[in-house]
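All remarks here apply to the structure that follows.
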Amino acid sequence: MPAMKVRLLFFAVLRDIAGADERELTLADGTTASEVWQELRASYDTLADYTQPPMIAINETYATPDAVLTEGDELAFIPPVAGG
Amino acid sequence: MPAMKVRLLFFAVLRDIAGADERELTLADGTTASEVWQELRASYDTLADYTQPPMIAINETYATPDAVLTEGDELAFIPPVAGG
Amino acid sequence: MSYLTDAPIDAQALVRRVIRRSDGAYVLFEGVVRNHHDGKAVESIFYDAYRPMAEKEMEKIVREVEAQFPDTAVAVVHRLGQLVVGDSSIAIAAASPHRAEAFAACRTIIDRVKETVPIWKKERGPDGEEWLGWQGRSGRGGVDG
Amino acid sequence: MSYLTDAPIDAQALVRRVIRRSDGAYVLFEGVVRNHHDGKAVESIFYDAYRPMAEKEMEKIVREVEAQFPDTAVAVVHRLGQLVVGDSSIAIAAASPHRAEAFAACRTIIDRVKETVPIWKKERGPDGEEWLGWQGRSGRGGVDG
């Protein structure tokens, strides 16, 4: 199973939870954004209750949870926005 | 027939037509604002077509055409307002 | 709070007069002399008013709008005299804890000022000058802006 | 025109960037840090953003609103970082020949910014601090102001 590298960015509450601005992930080809969220839930207790991912952005554009990642993608989970 | 004095103020287009800021009128008791308008129409050709008076103010408050004037009143005909 | 002025309007000063530490938003409206109206070029506008009555009518609108939107503070200033293109003729500031009320209060005030406050304008352009709303006296009374 | 800034917002400068000689009105909205939220005291708010994406989303909103209101010019600036009560977090200016479009464009932009632009706020008060919209993740996402 070939692997790919993806940059995962953390913002706002997720940065606090992860304790980092970003992580580099090595993922199996065909991995979806939603699957990355499930890995995060397994890593951080405080995310255990969040069975559904928040909004998802791939390469600075909103994407759906079933979006398949590709080599070099920049992935971000977008907590509920509160601008203004 | 006793008489009363009323100040008639002119604004905007009516000031231009009357060529004055105000006039002192001597009116018969019981004269209405509407009757003053009809006198103005008789005095100024350019008002001949305006059979109905514009809005009316007596003592800085909007009033109806049939309002009866009293001694010392300040009367003004209010052309269509265009503030803002 | 409302008043008439013969001087240029300082809109940010108006905002400072209404905003409180509990407000999460303000909306500021300014009406500006524009270079056209009904397809004709405009160079300047002369604003005339029945001053004491205009002040009373503006203050009445302010009181009624603040009663309609209880958490909202509003202020209005209307400039009179000769204004040129780009000059502000009116500024309205509405501050509120919530944006919906700030927008609604500000919009209500400008709509009502145009309906009832005894202020008039004479537009001047290359084709001459005209008191708005008088000729034909229909459909010209409430001028946009 | 839209951008992010880490400096205090100059709202009148924003207005000057949008207004044209053909405009009869502008509406300016500013969101301000207020001293309360959901019944709790607020002292400051830290604004975080996914900066390049937030810039793209803001510019997308500006383009779409200018397409929706063809005569209307709009500009948005959002401030990031640590803000205290009374500081403006966002300013939106909309200028148009007619006031209805200026109000509608300004309102549409603030509503849409709150829906889609990846900006977040952490409120700080005497009771501690909290990222808005996360706890329970329902009904807290679009905060007023």
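Order as written gives the chain letters A, B, C and D; numbering starts at 1 within each chain.
Throughout what follows, a contact is a pair of C-beta atoms (placed from the backbone, for glycine too) under 8 Å apart; a residue touches a chain by one contact, two chains touch by 3 or more.
All values derive from a computational prediction rather than experimental measurement.
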Along the shortest chain of touching chains, how many steps lie between chain B and chain D? 2
What's the distance between the Cα centroids of chain A and chain B, rounded to whole Å? 75
Measuring from the mean C-alpha position of chain C to the mean C-alpha position of chain D, what distance in angstrom results? 24
Taking each chain's mean CA coordinate, chain A and chain D are separated, in whole Å, by 26
Chain A-chain C separation of Cα centroids, rounded to whole Å: 50
Can you list every residue of chain C that touches 2 or more other chains, as numbers and ranges? 31, 110, 145
Please set out, as single numbers or ranges, the residues of chain A touching at least two other chains. none
Identify every two-chain combination in which the chains touch. A-D, B-C, C-D
Give every residue of chain C touching chain B within the complex, in rising order. 31, 47-50, 52-54, 56, 78, 89-90, 110, 113-122, 131-134, 137, 140-143, 145
Hey, which residues of chain B end up touching chain C in the complex? 9, 11-13, 15-16, 50, 54, 57, 60-62, 76, 78-84
Parts of chain D lying in touch with chain C, wherever the complex brings them together: 11-12, 19, 21-36, 85-86, 97-100, 102-103, 106-107, 110, 144-145
